[in-house]
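Pasting the structures here.
Shared between the two complexes below is subunit A, which has subunit B as its partner in the first and subunit C in the second.
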Partner chain A sequence: MESLDPRVNRMKIGGFDGELHKEAMDQLGTYEVFLIPKDGKPLESVGPVHASDAEMAFVFAKEAFSRRFECVAMAVCPTASIFPSPVSEADISAYDLVTIPAETEGENRQYEVFHMNKRGKFHKHVGSVEAIGDIDALYKGKDEYGVDKPKNVWVVPTGDFHFNAEEDSDLWATLPEKKYRDAIFYKAGEKIQRYKESVNS
Partner chain B sequence: MENQAAKELLYKMADDALIIGHRNSEWTGIGPMLEEDISFSSMAQDKIGHSWALFKILNKLGENEPDIVAFTRNAEQFHNCQMVEFPIGEYNFSLVRHFFFDLAEYHRYEMLEDSSLGDLAQLARKIKGEIKYHVLHAKTWMKNLGNSTEEAVSRLQGSLNELYPMALGMFEPSPFEDQIVSDGIFGGESELMSKWRSSVMEIIDQTQLELNIDGDWNPLYGGRSGVHTEHLQPLLDEMSEVVRTDPAAEW
Partner chain C sequence: MYGGGNVFEPMKVKELIDEDPVLLKEFEARIDRGEKIEPTDWMPELYRKQLIRMIEQHAHSEIIGALPEGTWITRAPGFKRKMALMAKVQDEVGHAQLLYSAAETLGKPREKMIDDLINGKSKYSNIFNYPAFTWADSCFISWLVDAGAIVNQLANAKGSYGPYVRALDRICKEESFHLKYGHDCVATLAAGSKQQREWMQDAINRWWAPMMMFFGPSDKISVHSEVLIKWKVKMASNDAMREQYLDMYVPKILELGFTIPDPNLRRNEEEGKWEITEPDWDEFKRVINGDGPCNKERLAVRRVAEERGRWVREAINRKSENYIVPLA
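The block that comes next holds the complex of A and B.
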């Protein structure tokens, strides 16, 4: 029997020889979402959304990633704009795993640098550098911020971000009052206990 | 008779928000894509929140508790415009309704920011950011789909034509129109409609869509005075099912 499980099909278990690739354009591309949870905190990566363009990505990102908890500002960039370093282990800095030579030609432009300090944690913004290319930006990042020994580094051209305007920070003004969107808002333990007792007695 | 003009305004705003909030929440789980499902559901929840806040103001003016007002009235006691009670239809219908409705909400609340009714002015300022998002969402979709495929454009065009007369029903003049303006509570439905029409056309003009706002349209009035379509009562029955089953239910 032919499996319908994409994991099985992708690995060609049982000699599956059907088409493995999706048709081109059958779904939208992804944008990476970044937010600032509260004033004074750095911009951090929180996940991706599918969208047709940056404006639509921002619209989706706002509810997908800031309908709960805290947020004061948000930005999106095409996932393809992110240039990641290799991922390191233990005490090794991800910067030290970058061995390919930097670009030698190109216009200087600004990049934003993000560090992941522990596996599985969000990438957090550490600052900006001027560089002539993606790899050059990683080297410039190492010079500026390498002392942190991150496990992974992202560099992203600043111009590829779509930010909310300063005056639109009120998009999140009522967020602190939406605790009901959180499961922990509902203290049901006592009620469940009472219900169980009433059923058992 | 005190506060009657203010109450009429608050009831129609609260009922609009409650009914469209309930309708739009019907998309939860079946939205056209996951991201949109989440956005549309969140905005529907915001609308229910707005209705609750407006019912709280009414409560301070002597009306019943929000839950009682929301869940125990019959269709003819509701003052929402008829547009918001129509079934969700296909997504183009819900999207165009959201576009028309939220552009009006934006201007209505903006006009209310300096209302002489202090609680209402305060609410208008407080939820400004929420409405701003609702409008951003609606405009972004209209501009995006209104410039995309032939199918998208023709679906939206059909919904624009169908919904425009319904949308005009949002601005059905109140019997207290003069009083509400002279009391400084609200600038009035006709001023609101003119702001709304400009905003609607500003977006339509950036798309392949067309809308002849000066055409011979017949506004769908009646909702403000309790005249409704056959769609409202079933919605209310469903919305109040828990309360009718167990009036003391808590969660």
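The block that comes next holds the complex of A and C.
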């Protein structure tokens, strides 16, 4: 294949013959990503990544979600670690849709609680609770934070998060050297002016 | 979605009359109230399938769209342009990642979407199947193709499906850099030498016709497309998006002293709309269906990435871990 792209020619990328199928499960597991955009703001969900393990998920998450905008801390957890409540709407609290009884035995451990306040919005961290299981954590969350009437709740065992150590926070201080990724870096106006002057002169 | 426009081809789904009437009523009432639909909600099959197709094609368009511009990274004029173009192309690939995840919440695994792409079963935007001959072509893409994508994405960002809306929220914020960067590149050529202006004019001449096709043919109002408008899957007609694009960008192109290669282009002030030469819809169909100038090369590049990356995926993948659909 003769290409305009010198790389395609160099790599001798061939034609398109026959079928090429991915094997079943030729993909990585999913992790949900959370970040704090600015000091003083809560941790908020930003979306998922596919990765082989938590550390890789963190690396991908850093590329995908903190590459362009401000970020001061980031955490990832396996999607499977998140226990979601049902989704409610309008004035109904998602907590009120949880009807199954809580676990009766288990070790107490810490959970982080996230609320989605309106459908279509991202989940935000509201605090943590001690609970003996996922459902128990939802009930504990209701006692503690139920007044917010969230439309969806996620509870996640605190120990399932992978996050950056405090002393590594300069990881995020890369924005000032990458101004060329900001829209305001570009001032086409001066060039347009220059063109117009050249026509008039 | 073929880049900007939507071609709502008929597809095989459960007829609405066969859907549970009570659930369907609740679903529609929710959308009427302006609430978003979340992945665990009940939804009619037509809604699910149409959204999967649309979001998946959008994702493929981002990934394939990175290729013609990517061609120019190694030959970008100067270090600053190289860094900026690299960042832009990285953004586009990142957009694909966000969109694949949004489509996954509807039940189609990512591996299946990639499989359909590399085997030519999925469609994507017509425009990325044209070659980028010069640096000016890549400037056209950065400014004027992205501008078209933005018209479409801003419309879709008001749609009804939560995960798609959340992905688009982020994507639209990143696009503002692409637009400004692209405009700056074109303005630089406009204010440059005679040769530079010629390069840019030639690029406009090459890309204008595919750009007019980008938004897709006039929508025929079918029963399906009416219902998709009601469900806020389809947010603007192809013609409305094309009009909006012409309103916004024709003056900006002319301002730089370039011409637009369409003798029939004019704004009909009485009717308040643009007149253009009817795009060649046969060409559009050919390109969409795999027979454009660069379709083979685009897919070949993706297939090579797939084949040569296999050992990496095998080395790090833990198949014992069950795949779980992303939550939101």
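Note that in this section the second predicted complex is superposed on the first by the 151 of 201 C-alpha atoms of A that agree within 3 Å, B and C clash if a C-alpha of one lies under 4 Å from a C-alpha of the other, contacts with A are read in each partner's own complex, and residues count from 1 in each chain.
Just so it is clear, a contact is a pair of C-beta atoms (placed from the backbone, for glycine too) under 8 Å apart; a residue touches a chain by one contact, two chains touch by 3 or more.
This structure is a prediction, so every number in the text was calculated from the model and none was measured.
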{"item": "Partner chain in contact with A:Tyr186 - subunit B first, subunit C second, else both or neither", "value": "both"}
{"item": "Subunit B versus subunit C as contact partner of A:His50, first or second or both or neither", "value": "both"}
{"item": "Partner chain(s) touched by A:Arg119 [first = subunit B, second = subunit C, both, neither]", "value": "second"}
{"item": "Touched partner set for A:Lys62, first subunit B, second subunit C, both or neither", "value": "first"}
{"item": "First, second, both or neither for A:Val147, with subunit B first and subunit C second", "value": "neither"}
{"item": "Subunit B versus subunit C as contact partner of A:Glu89, first or second or both or neither", "value": "second"}
{"item": "Touched partner set for A:Asp170, first subunit B, second subunit C, both or neither", "value": "first"}
{"item": "Per-residue touch tally on subunit A - higher for subunit B or for subunit C", "value": "C"}
{"item": "Subunit B/subunit C common contact set on subunit A", "value": "28, 49-50, 52-53, 56, 63-64, 67, 181, 186"}
{"item": "In the complex with subunit B, residue positions of subunit A that touch it", "value": "28, 49-53, 55-56, 59-60, 62-64, 67, 168, 170-174, 181, 186"}
{"item": "Interfacial residue positions of subunit C with respect to subunit A in the complex", "value": "30, 33, 35-38, 40-41, 67, 70-71, 74-75, 80, 83-84, 87, 90-91, 94, 97-98, 101, 104, 109-112, 114-115, 118-120, 131-133, 162, 165-167, 170, 173-174, 176-177, 179-181, 183-184, 186-188, 190-191, 255-257, 296-297, 299-301, 303-304, 306-307, 310, 313, 316-319, 321-328"}
{"item": "Contact set on subunit B toward subunit A in their complex", "value": "33-36, 38-39, 42-43, 45, 126-130, 132-133, 136-137, 140-141, 144, 251"}
{"item": "Residue ranges of subunit A touching subunit C (in the complex, touch as defined)", "value": "1, 3-8, 11, 13-16, 19-22, 24-30, 32, 45-50, 52-53, 56, 63-64, 67-69, 78-80, 82, 84, 86-87, 89-90, 119-123, 152, 154, 178, 180-188, 191-192, 194-195, 198-199"}
